[in-house]
Structures are given as C-alpha cells and as structure tokens.
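Here subunit A shows up in two complexes: once beside subunit B, once beside subunit C.
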Partner chain A sequence: MREMTVSELLKNGPKVINIGVEQFYEDLKSQEVPVVQLDWRPPAVNSELLSKLRRLRGGGKS
Partner chain B sequence: MIDLEKANEEALNRLLSAQPVLVDMGIAKDTIPGLNERTFLHAGPPIDWKNMSGPMRGAVIAGILFEGWAKTPEEAEKLAASGEIAFEPNHHHHAVGPMAGVITPSMPVFVVENKAFGNKSYTNINEGLGKVMRMGAYSEEVIERLRWIKRVMYPAMQAGIRHAAPDGGIDLKFIIAQALHMGDELHNRNKAATSLFVRMLAPHMIEAAPVVKDVADVVRFLDRSDIFFVNLAMAAAKASLEPAHGVEGSSMVTIMSRNGTEFGIKVSGLGDDWFTAPAAVPEVLLFPGFTKDDVNPDIGDSAIMETLGVGGFALAAAPAIVQFIGGSPQDGVNYTMEMYEITVGENNVYTIPYLNFRGTPTGIDILKVVETGTTPILDTGVACKRPGVGQVGAGIVRMPMEAFEKAAERFAEVYLG
Partner chain C sequence: MLLQRIHVEKGAYYDSVTLMLVARELQSMEGIEEASLNMATEANLKILAAAGFGVSDIQAGQSDLLIAVRGDGSVLEAAIERARELLKNPPGRKSTPGEYRPKSLDGALSMLPEANMALISIAGRYAGDEADKCLDAGLHVMLYSDNVPIEKEISLKNKAKEKGLLVMGPDCGTAVIRGVGLGFANACPTGPVGLVAAAGTGLQEVHVQLARRGVGVLHAIGTGGRDVKEEVGGITFSMGSEALLCDEEIRVVVLIGKPPAPSVEERILRILEGGKKPAAVGFIGGKASGDKPPLYLCRELEETAAVAAALANGKDPSSAREELFKSYERLKEKAAPMKRKGFIRGLYSGGTLCYEAQLIATGLIGSVYSNAPLASEMKLADSLKSRGHTMVDYGEDEFTQGRLHPMMDSTFRAERLLSESQDPDVGVILFDCVLGYGCHPNPAGQMAEAVEKARKKAGGRIAYVAYVCGVDADPQGATEQRKILEEAGVTVCDSNAEAARLACYIVG
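This part shows the complex of A and B:
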C-alpha cells in the first residue's frame, strides 16, 4: 500500500481507524471525519501468567 | 521438552480427520454407556439440584413427569430435591444436549459414530422452538410432545436410519459442510441442515418405517422445526472432538459447555478436569412480551459447535441469522475474523463462501485466548430464568475469561514443571 504524503494528508484530511474507546469514534463521526471503529480492549493484565505462557512457547519443561 | 505447536497440530489433525455419521437410535438407558435407571444427564459441568438455574430445574421436572415418576410438577420438584435421582453431565457419558440438555433413561436418543476413530456420541431429539423441555417448560403440551416423539417419531426415524446404514449412513460432516454454504452456522440456524437431513432420510423412512403413514407426520414436524438438526450437529461435534482429547502438551479446547449456572471447559492436554467460571449473561434479541430481567445465564452443551469451529465462529456464513440473534451481517463477519486470532488453525472441510471459501476458525487455544484477551463468541438460544416458561429469545454471548485463565494456569503448572 502506498503511504500518504504529508501534503496529501493536509489536503485531503485524515482517514481514521479508532481502536478501543468508542467515544473518540463518536466525536470524529460527529465532525464528519471518515472513521471506522475497531472494538478492542487490551488483554487483562495478568503479567505473571503471561510470562509463564511465554516460557511455555519457548518449549516448557525438558 | 513439549512442542506446543506439534501437540496442537496433532489435536487439530485428529479433529479435522473425523468422519461423524448418524448410525442408529435407541432408548437412553440401553444405549448410553453408564446411564442407569435413576440417572438424569444434563448440560454443562457437574451441578446438583440446589445450584440448578430455573430452566435446568424446569427441564428436570419435565423429565420426571415424562418418566411417570410424579403426577404433578410439585411432586416432581420434591423428588428432584430428595437426592433419589443422580444428576451427571452429558459430557461424562459421550453425550450432548442443547440448553438444559436433560436426557432421561427412557428417552430415545441418536447414536453418531466417528467412522475414522470408531468412537460414538449420543444426543436427544430436538422438540422445536419456544415452550419446550430443553428451555425449562414442563406443561402438559410439552410432556405430550415428548410422548409423541417417542411413540411416533422414534420408530419411524430409527427404522430409516438403520435402513440407511448399509449405504454408509447419514453423513453428518457432509450435511454440515453443505449447510454452511446455504446460510447456516449450525448453532442457531439449522434451516438448511434440517432440510438436507430430511431429503436424505425421508426415502429410507418411507421404505422402512413400521407405520408408513407416520412418516408424513414426522416430516411435517421436521418442516416446522428449523432447529431440528442442531442436536445432530452437536453429536457430530462431540464425536469429532473426543479423539482430539488427551494429546500431551496440547492447549486445544475439546469441550466448552454451560449448565445455566457455570461455564466449563476441558483441554486436550489437561486430562479430565473441568475449568469453570460463573456463566455469562447473553445479549438478547427478546421475543415479544419478555424483558432483560427474564434472561437466564448462558446454558447448554451447544457450545460444542464453537468448539468444533462453527456456530458463532462461522457467523460470516450465516448473514440471515442476525434477524434472530441481533446485530448486522457485518458483525457476523467481524466475529468470525476475530476468532481466527484464538484458534489453532482453519477447517479443511467447513468453509465460508463469503471469505473466499476460507476454512472456519477451528480448535480454540487456551493460551491464545489468555494472551490476546479475546474469548470465544457464541450465538445462542436464551431461556427464561423462571422454570416452566421456555425460550425468551436468542443472542450473542462471550465466554468468561476466568475459565481460560484457570486452565492456562494449570497448563503452565503441568508443562513448565
């Protein structure tokens, strides 16, 4: 995909994908900015479990 | 050293090579292994009478009335609470049942065989929508319908299924694959699958039924019951998933199920333990006359469809179902795309035309669920939380993360040493 140049961005305005908090999507939409919403929430933070799972992906017990 | 990828590939391959075929029908106590005279089977992880939700209790009451062990619902309730009836999960007996999923000893059941592995699964007969036993209703019309199913439908269908068996039987995998191309997702929409089933079975019933005239009544019943095939789809899923259980080092889910109080999963590489959490409450498109306060928490073994990789995971194949469960066709596509993030692979037979015949997301990986924070999505029937009422609508529900986290903790314990 071709990247948009800064001058094109200033000329044509941004096209936005809003990830997460829906209020930002609503605000842009009300200003008629082209925007799509991606419903996403960060994973629940259980860092201890996630670090165990990372070790598992590394091969687990020998 | 465990090779997670290899173990999950092995579990997925076993699932993908399944050949579920409808081979027979029988009476539950003579057919389902380990089911005795005084045992009721139910959906979901284990539960006792005092913790059962309204629809589960209602279905137990209906089962007792159907068995003739009580004359009134009040008497039935007393018997259920007395401890004289044992309650055990369907899944402990290779069985599945939608919603309350109650199977009683003298009910007729379907027998499905996974021809690739030789294992069998069992399920009860679908009664249609609305005021039905599996949704917790137990009025006289409900019991009379169950009696009719046993008296009229069972002999005709059993004869037809047995007649079809020498020709290879009714191939459920073929029906599911075709139905996905005809707008079903095989959980809430089984309109195409039911039609295909009738088309395949009807000639055999006509040729073999003990009372040929009954076949017309059976086919009329099936014509009014678009959801009929879901039980068979579930039994196909169960028979397909069982050989995938017990692969050392595999984090693939082989059972997801709900009993209306709790949600539970089993994982291929984690033995026989259930990992549970309180059941979620679905987002419902309600039938007229009901409110959100009527909604029971999520219930039924039918989550086996998503465990197989269809149902909510194949919503992109079923644009019309949104009229029943809410949302838009695009939501369906989005849900399917999201589920690819948490599955081991893609199906080799169950495909989605709209996604250029891409295989459905298949084989839920508990580790991916925890790592991404994305839990499986289901589209489901919804029961009234009061016993005796029945279905209040249908909707969408996400499975609770807690069960997957518990399973992942155990997985780490077992395999990290």
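This part shows the complex of A and C:
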C-alpha cells in the first residue's frame, strides 16, 4: 500500500514525482532525492467533458 | 524594416520556464528585437496582441505552442528554426539525453514505486485535476501552481485529510521535508526546528535567519496563503502543526504567515497549546504579541527566528527579542552618515518580504503605496508608476503572466530600478535578492548592473539598500552575492526587517 501518513512522509523523506518545471527535478536530483520527471501534456479534452462522455457511454450509469 | 511572424507548433506542450529560457536565447540573436514563446491560451493571445502582434488569423488552441518573433525579415525564419531546435534540448536542462520520461502517472509510479509525493507546477487550470489523481494514487502533494480555484483547493484538502495525506498549496513555492528543499528553498542545515508556513518567502526568511543563528530546520511545511482563510479553515496548517508536535525529532515549532482568519487562528493556537513543545508564532502584522508559554507570539520574521533560536538553544526568548530590537535601534547611527531626502522605492521579488517591509515602514515613516498594499486605499492605480513611498511586489500575478517569477529572473525589476533612479523625489531604493534552489543563478549581478547604471545617471543622490535572503550553501552563495552588491555601492543588511528599517532611518 503506497498511502502513508504525514508522520511517515516526515520520517522517510520525500521520493518525488515531478510534474512541471524541469528545474525542480534538477534541484531534487542535485540533493540526491529519488525523483522521476513526468513528461506531462495537457489533456486533449477537458475532464468535465470527458466525464460526461464516459457517463453517456456507460448508458446512464455514473 | 521590422517584420513579425507567429509560428504555430500544434500539440506541443512545454513548461513556462523552458519557454522563457528559449525566448531569452532568441532575443540574444542578432536582428531579433522581440521573441516570445507561449501556449496559445486566450490570455496569451491577448498579451501578444497588446505587444503589437497580429493574432486575428491564428488558428490555435491552448494545447498549441506559439513562437512569435519580430525583427529583421531575413532572420525571422532562422529564429523560428532555432526555437524548434532549442525546444528539443532546452537550455538549462542538465539531464542525460535520451533519459526516459514517463508520459503518465502510472508510468512514473512504476519507475519509482516508493514515491510518496508529487510536486506539481503545471498551469493552474490543469493542476487541480492532476493533484486529484496523485491523491488517488496515495501521494502527498505539493502544489506550486497558482490560479487553482478555492473550491478545488477545499475539495482537494478535504479528500487528502480523509486519506491522511498532505496538500501543500496551491501557490506553495517553498517546502522542506527532512532537510530536502522543494521548489524555492535554501540549503540551510537541518536541526530541531519544524516550521509550518502560509507564506513562501516568509518561510525562506525564517529558515535563513535560523541558520544565521546556527539553528537548523528539519521540516518546513508550506500550506499556500489561502489555507488560513475561513473558507479553507487551515486544514493543511492544522495537519502540519499536529505532525510536527508528534515528531520526536522536532523540539521547537514555528508558525509563519499573515494573520489567519480569527476562527482559524484560534483552532491552530489551540492545537499548539495542547502540545508539549514551545512554539514561536510569527503571524506577521498580527495584533497578538508577547510570551504565553508554550506560545511565543511575534510580529516580524527575524523576531520569530530569534525567539525560535533561543527556544532551541535553551535560552531566554524575551532577552533574544530585546537584544534584536536594540540592534535595530543602532541602525539609526548607521543611517546618520547616509541621510537622503525623498521617498523610498522598494522593489521586491519576495511577497512576504514586501509585506513585512510595508508594515515596518508604515510604523516608522507613514503609509506606503503598493500593488499589494496593507490597506486598499494605498493601492497603486498603476503598478508601474510609483507615488510617495512605494513598495512593489514583483511576484504578483500581474507581473508573472508571460514572464518568469522575479526570483527566477530580475530583468524587469532591474529596469524599474533604473527608471526609479530618474525620479528626483527618490532618496532610497530598497530591494531583495532571494537565493536558493529554483532561483536565478545570479540575482545580485542582475540588480548590481542596474545600480551601477543608475549611479552613473543619478550620482550620489540616492542610497541603495538591499537584503540577500540566502546562505553560503545555496547554489548562488550568499557571501558572494553580497559582495557583488557591495562592490556596486549597495548597503547590504542582515535581514529583511533590518533593511526596511535602515531605509526608513535614511529618509526619516
């Protein structure tokens, strides 16, 4: 189970997925922190529209 | 004759820092007068139109990139090609070429299964949804992004609380977890102090001032400024405070921020009163002050650090406070040979530093105009035009849309310094240079260059006062940065509170 409490985060230190500004990824690497840079792209359609489409596809089931 | 071109790169997303760095490279090309790279959002199209680019025929959506260049017609094509080249391997990227970048959160988690936190700094309109996904995956979240609606902040924080997870932000620029700096953070030593802060540069200032006093910080939990508003109810602030009280390695707790909503302040203070650890409470500009153990109430950032350092070292906090305020009195002697006539113009990259400087100056020399004023009647009609004593926060949204944050690039602020020096009513120019991870490699150099130019034009009419918020272990090196400013004729102070006071005594 990945979920860990705030106390566990403070005890173990951060292991980070960086989503966005590349510099923060570089800074974490320079501090020898385990970090992965996500190659993030904006979604093609907005999430509200996507969930509406999903609902339609699910035949009214939400 | 100058020509212009806008090239649309379909479906190409890059973060704002990369786009700024590439634009800066293009601007240094011979024959190029102006260059900008922006995602084709409505706001960015408006900015381009205001800059004189013809955008009416542009067929692009917010997932497309616009490369806009103006200059000598013969180099425009080459500049666009150069931009496309640079985007393949952006300037400043030190990573190994070919390093694999997962395209989804699941992919990232399979690469780093032990991940426990996400640092999110994408555009605000997407950041909330990404944070939601990260919470679903069981990750704590630091949301650097701003422009996330408050309703989204509330729902994220409630969801996180149920799961026992922390959401730092939105608009959380700085945090430290187990000595690791996240976002804009200083490379200070670790030690027995834990911070919770609703103020980014407020956190940095207290972190640095503790380091100056030989006291380290193990954790500094950022909450984002809105966390202490009534609507959000201090969810992250309370969770952070509770976690620090439970943490066996933390001996002293420090809280920093502008004064919270009364109900939130009461809730937070009750948590600390119930704890067994002394706490320095720095709600800057708040009405409460004095020592009510285990709470020690402070009104300024350096004061909070001095009190916390005394508590960590087993010394008397009230004498530490007295000592500090006596040292501020001695600044009057320092100011005597520097006396000038006229107004103070403060140019800040740190929002909390600007706020604290306004509080101090208002107490000593009267009201201060600002784009982020203490009272609404002191708001500048035009942030680019000073009047009377003025202090400008260059980190406000109006200055960061389409530009890098001033902690990442002071070009725009340095230009303002030069124009302020032309105003015959100005006696002191006051500014900060914030160091640390994520910040510009040489902010003092950028500002010093402007000071040198200003001194050539204005002679000795103006005194220049600055504060360097940083430590020697920061990538920029605090001593080195101070030296650059001092060589340019700037008087550099040891804290933000000191710099603001010195400026006031010079004109007062």
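The criterion applied here is as follows: the second predicted complex is superposed on the first by the 38 of 62 C-alpha atoms of A that agree within 3 Å, B and C clash if a C-alpha of one lies under 4 Å from a C-alpha of the other, contacts with A are read in each partner's own complex, and residues count from 1 in each chain.
Simple rule for what comes next: a residue touches a chain if its C-beta (ideal position, glycine included) is under 8 Å from a C-beta of that chain, and two chains touch if they have at least 3 such contacts.
Everything numeric in this text was worked out from a predicted model, so none of it was measured.
J.: Identify the partner contact of A:V6: answer first if only subunit B is touched, second if only subunit C is, both if each is, neither if none is.
T.: Second partner only.
J.: In the superposed arrangement, which partner chain does A:R41 touch: subunit B (first), subunit C (second), both, or neither?
T.: It touches subunit B and subunit C both.
J.: Under the stated touch criterion, name the partner, subunit B or subunit C, that contacts more residues in subunit A.
T.: C
J.: Touch check for A:V33: first (subunit B), second (subunit C), both, or neither?
T.: In the superposition, A:V33 contacts subunit C only.
J.: Jot down the residues of subunit A that show up as touching in both complexes, subunit B in one and subunit C in the other.
T.: 39, 41-44
J.: Where on subunit A is subunit C touching in the complex?
T.: For this pair, the touching residues of subunit A are 1-28, 30-31, 33-44, 47.
J.: Which residues of subunit C touch subunit A in the complex?
T.: 11, 13, 15-18, 62-63, 90, 92-95, 101-105, 107-109, 111-123, 126, 129-130, 134, 137-140, 144-145, 163-166, 177-183, 218-219, 239-240, 242-243, 246-247, 437-438
J.: Which positions of subunit B touch subunit A when the two form their complex?
T.: 1-4, 249, 334, 367, 370-373, 401, 405, 408-409, 411-412, 415-417
J.: Taking the complex as given, what residues does subunit A use to touch subunit B?
T.: Going by the criterion above, the answer is residues 39, 41-44, 46, 49-50, 52-53, 55-57, 59-62.
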